[in-house]
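Common to both upcoming complexes is chain A, partnered first by chain B, then by chain C.
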Partner chain A sequence: MIHLEYLDRPHSVQTAPVVCMHCDSPTCAEVCPADAIKRTADGVVQAARKPRCIACNNCVLACPFGVPKMATDLELMMKCDMCYDRTSVGKKPMCATVCPSQALFYGTEDEIERLRPNSVPVNRFQFGDQTITTQVRVMAPKTPAVEYVDVTSSLNAQAIGQDIFFNILEEPFTGGK
Partner chain B sequence: MALLPVDCTAILERFGPHLAYSEGLRLTTGVEPDRIVDTHCCFCGQQCGIRLKVKDNQVFGFEPREDFPFNQGMLCPKGVKRYLQGSHPDRLLSCYERDPRSPGGFRPLPYERAIERVASEIQRIQSAYGPDAFALLSGASLTNEKAYLIGKFAHMALKTANIDYNGRLCMVSAGAGNKKAFGVDRAANPWSDILKAEVIWISGANVAECAPITTNYIWQAREFGAKVIVIDPRITPIARTCDLFLPIKPGSDVALFNGVLHLMIENDWLDHEFINSHTAGFNDVAESVKAWTPEKTAAVTGVSERGIRQAAEWWGRAKTSFLMHARGIEHHSHGVQNVLGAINLVLASGRIGRPGCGYGTITGQANGQGAREHGQKCDQLPGYRELNNPAHRAEVAQVWGIDPRELPHAGADAYEIFRKIDRGEIRGLLSICFNPMVSLPDNNFIRRALDKVEFYAAVDFFLNETAHHADVVLPSALQEEDEGTVTQLEGRVIKINKAVDCPGDARPDWKIVQDLAHRLGCERGFSFQSPREIFEELRRASRGGIADYSGITYEKIEKQNGVFWPCPDEKHTGTPRLFEPGSWNPVAQGAGPFYFADGKARFNVATYTPSAETTDEDYPVILTTGRVVSQYLSGTQTRRIGPLVDQYPEPRVEMHPRLASRLGIADGDWTTVESRRGQLTLRAQVVTTIRPDTIFIPYHWAGSQSVNQLTISAQDPISRIPEFKVCAVRLRKTPSTGS
Partner chain C sequence: MSKESLKAMLWGLATAAVTALLVVAGSRNLAYFDAELIAYTFAVLFAVFAIAYRYSMWLQRPPTALYWKRGWQVFFRRRFFLPNTGRWFLRVAGDFALNRFIFRRGRLRGLAHWLIMWGCIVAVLITVPLSFGWIHFESVPGHLRDYRAYLFGFPTLAFPLHSGLGFLIYHALDFAAVVVIAGVMLAMRRRMRDHDAASLQMFGEDFLPLVILFAISVTGLMLTGSYTWMKGYAYDFITILHAITVIFGLLWLPFGKFFHIFQRPAQLGVSFYKDVGKHEEKAHCRRCDHAFTSRMKVEDLIKVERELGYNYTMADPASDHYQWFCPRCRRAMLILAQSALWGGIRGGQPIVTAALPTLPQSALGIPHIDFGPLGKEDEENFHP
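And now, the complex of A and B:
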């Protein structure tokens, strides 16, 4: 289960799919009082186990990426488990398989190197003093080289794409009224 | 007599749209399907491969189809949720006839009685008023087999000149422009050529929402270093990540193309060798763009001179390129001129007919390509032949075993059919797969015309909003309930495979049409037992035509994952890329790669004229219309699929904050938009991603939410496409009702 958000619709059409990053040391699991969130040996952080989840919402509040959602009607936390039913049998997760722009991609480092020659995968995220490493990577430009994503400071960044438009749209407007 | 039988709310209550969500089998994990059917999506012209999971004659889920080369598993939200259209509570399971006393205004009717009634009304109207007094409207979501048979039915059984299809709202400007310039109307290249292009030019195409999979081709090319130029009045999702965005004033595309060609000539960014050897007419065009200086172009288009110069330089200096356009430049009263202007840029660059050098219009509907080739268009016969061409008439008449003199001549376009109804020249109407009450402009006029028709029969799988006015409704098959071929946006003929049987009395459109033909006394030529048999005749009928399918077989399609036409014989593997140097075609006969006797492409002077309705003091704002990613065309299917409706529940008026603040409108406010033809009230969406002089409203909705109450029915004189993309409106904040 993933969700999609507009970053700043009044000013941009940019959207962001929110998938679980599958942290090496998952905050959601660490704060779970019922030990309902398990991490598999291959690094996938699973959705809450139904018999154990007490719907306390701790994971929803604690996740630095805003991933888990509480399904109050089911009294169950739900989140992306990297389509464990698919990936455990050699298929790709559904979201990355169908993604029409391949903004979500599932594959090997070699494949992504070939498809995104100007970018490099990054899996270190800085939240203030805390560093989180994840199984899921985001692509960052090769130059300038980026070792980690400073999440706190990028919260203030503009939605991508505005720079090329503003100067054109803000020029004196000569069209109709 | 086609007034609504009962109040509209009563019809909606009985026939929907109701929303389908996953439940039962569809929500159960671990269900073993009875079978998995490899087929294609039922929606847009990309025709993505998809696998449908079937159990107990129900499509209960899907799997991506990663082996199909075009989409390699990718799907948009419409494709992901398309399985919810099956087993839908709104599905028409029997024939109906209007009956104000029945719930919802219609009472069920046995199939044979319905066929009997429609056929006898056709006979009554045609014998009283002549054969042309009964008209047919058909659709471009139909397979090639159905499109072919419906054209044959109109021309051979009904002998009416008046058949046209909803591609009139879609592909006709591009088609007419392509025929004038290349002599043939098909995307010139497979989409794989996009990946090899250095510059990608996108004019008037909301790619990410209307042809979502194409996004990956463009973005992948950009990853390899391509520069992407987008021309649109709105920052659409594909525009957000482009390299140059030109926020053009709606209706002025041809001016921009001419201005860019002016700069290409001034800077000698031309392929002289190509222009001299493979084209005709360049000098006249060069003369015609002399006046289009950057200053003048900027003044007309509302795009900065700097932007125009940058676009011209990138385009002019490129070694490889791909130019694509869609309805944004085609839905105009000068849509063909816009297309010709775009093609002039391609011809001047010489970048066509080679790897990484491409051009194509992005087809809208599932079979937007094939359905415009085989004879359901008002001036057309199969194989892209023309009704008014004596040689073409003779060729098709021979396949059909009739005298060419029996064939009618070219008839009226889809909009003109309603004007003829209004004037009393057409008295009866049969619509198949067409919902004009939502999709045609100025639909208050369409409703008035429908009220005048003496008899109207509608064929569809759900009761679409036009069918509300019908006297008889016949239930047809969903895409997954029949087999056949479709020609997708690259010109690749693909195969739709049957997954489930039709429920109730519903049946494939081709069976309904044949039953009508039989009841009208036409057995001969209408006794096909399967789509395959129809396809075999279509192959023969298209042989030697421009759109030659004669070498295509169902088996070859399956084996090759599609066959690009032309495919003139059984050994031929198809033609992915048109106009390759040294290629042969039936018109040039080896004289050159283009489809004219001398084998040369044609430059055409592309003339700028303002839109039919420009803004003035009373109506000071431009209205433009289009689509959203989660809805499809008139919404007959997608407004019934819950998750797609939830994604974008209702149309909104998109406007720039500068315009909104002048009118005192805040985001979310109810706003009344008014044109000379009608008005509607919707919530405002205040965004900086649109030109301040333009508002945008998507058109998928019906009734009081239909933006086509406002649009203008002005049409292109050549293609007869309506001007959906520009009309003049005024808007105001709707006073609070105090409720």
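And now, the complex of A and C:
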């Protein structure tokens, strides 16, 4: 259960996957009136317990990352549960397994340090006055060091791309010579 | 003891006391009460106490308390009361009697739940009044081949002992047991074969209830088998065995999966809350301006989150609270915020430049954010 999001389709081709971040203190679980969302001892926030979920949509609207989905006809919330059937037996979650560009990666800190030497994983997020820490991390540059991702600061940001084409058109391409 | 526990304890005691009074009054001062069934009665009283205790604790959680109150408020709201009443019947029939939403999750799964549920309902409707002395049978004076059922000591229908109706009444519990066993078998099959069930299930949460229901049903059928075909062989032993399984089931009611029987009706309140929300003022996302739920829902969530100790307040008064942003914009903001961290960095090094060039801007049209039309999934997500 992942979201694949176009950020601003008319202006940009940028897409990004959003998976459940598995919060240490999951807002979705706390606002659930039916006690249907449980967090396992290893920190995985599971999808709603089927006998309990009453399809109230609280989790869908309260999750700061916008992750849970409501299957209205089934009266059931569904979300990424880190492919618990796979990860609980040592396999990787499906999304990370099939992601060709490794935009989604599942592994140890050592592995990611080796694979992305210029990045550091960050798991603190700021939403207005609320700080949320998570089990899932996003990659941030090593320099300048970043302590947290200020999500709400991007309220007015637009998906206009980064400066990838910087100077390419102005300076003649020399092929590295 | 906390204030919440004390309140729940009082509710539990009061509910158990009312049940005890009903047992005494319903059996006409215990005149029709079968003393051999005293263990069942105490197990029921314990279960009633514990269920009321847990239910009361549950209702005191901020989100549950709020939706409990709102559920009743919106149901009785004048404009919606009539349509709500109509929908109440439809929902009780569709969701509760027919389990339609479970059948949609899977046919066999729906069938398993439906069989277990109806088997248990029939069995409870028969055994509880019987063991409390609320129902008893007497032969009709002058017609010794006829039996009459008494409800709370009042005479009701009479029927011939040896008749189709008599057979159905006397064996109703056996039929219920067969239905429950069929449902338990289907549920067990799923739990043993389905990978998704296998990854999450736990013995105490998922298997134990099935084992209990199976044990109750089988020992119940063994009683019938013993007196019908085996001249009462081991009848006393089976009686005790059956009592142990039933009492274990009663004691387990408040703790494990069985508690959903009492929680689940909350689905009704929530459905009326959603209906009313659809007809009232909408909340528009303060980023993309799409209507994404009812204003009532957002304001309620803000209240609940504050009570739970979350503070998603935003400094900018125009935004006010993070709850005013739709899920899709939240996902977009997360990605944009991460992208922003990488602005001006290549290969782990900041790009040093004397003068930053202007960023490329789209000339395609609308300057504001536009996701395009909502996808089907989001459209369904964004109901109130």
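Keep in mind that, in the parts below, the second predicted complex is superposed on the first by the 160 of 177 C-alpha atoms of A that agree within 3 Å, B and C clash if a C-alpha of one lies under 4 Å from a C-alpha of the other, contacts with A are read in each partner's own complex, and residues count from 1 in each chain.
We adopt the following convention: a residue touches a chain if its C-beta (ideal position, glycine included) is under 8 Å from a C-beta of that chain, and two chains touch if they have at least 3 such contacts.
Note that the structure is predicted; figures quoted are calculated from it, not measured.
> One more residue to check, A:C32. First (chain B), second (chain C), both or neither?
Touch status of A:C32: second partner only.
> Could you say whether A:S88 touches chain B, chain C, both of them, or neither, answering first, second, both or neither?
After superposition on chain A, A:S88 lies in contact with chain C alone.
> Is the number of chain A residues in contact higher for chain B or for chain C?
Of chain B and chain C, C contacts more residues of chain A.
> In the overlay, answer first, second, both or neither for which of chain B and chain C A:V98 touches.
In the superposition, A:V98 contacts chain B only.
> For A:V149, using the defined touch cut-off, is the partner it touches chain B, chain C, both, or neither? Pick first, second, both or neither.
second
> Which holds for A:V60: it touches chain B only (first), chain C only (second), both, or neither?
Second partner only, chain C.
> Across the two complexes, what residues of chain A are contacted by chain B and by chain C?
Correct list for chain A: 9-12, 14, 85, 117-119, 160-161, 165.
> Help me check something: in the complex, which residues belonging to chain C touch chain A?
58, 61, 63-64, 66-68, 95, 101, 104-105, 195-196, 198-200, 257, 260, 263-264, 266-267, 270-271, 273-274, 287, 292-293, 297-298, 301, 304-305, 308, 310-316, 319, 321-323, 326-345, 347-351, 353, 357, 359-362, 364-366, 369-372, 377, 380-381, 383-384
> How about chain B: which of its residues touch chain A in the complex?
29, 64, 66, 73-76, 79-80, 208, 212-213, 215-216, 219-220, 223-225, 235-237, 239-247, 249, 298-299, 302-304, 307, 614-615, 620-622, 657, 667, 685-689, 691-693
> Any idea which chain A residues touch chain C in the complex?
3, 5-12, 14, 16, 18, 27, 30-35, 46, 50-52, 54-58, 60-67, 69-76, 84-86, 88-89, 117-119, 125, 127-130, 138-144, 146, 149-155, 157-163, 165-167
> Once bound in the complex, which stretches of chain A touch chain B?
Within the complex, chain A touches chain B at residues 9-15, 85, 92, 94, 97-102, 115-119, 160-161, 164-165, 168-169, 171, 173-177.
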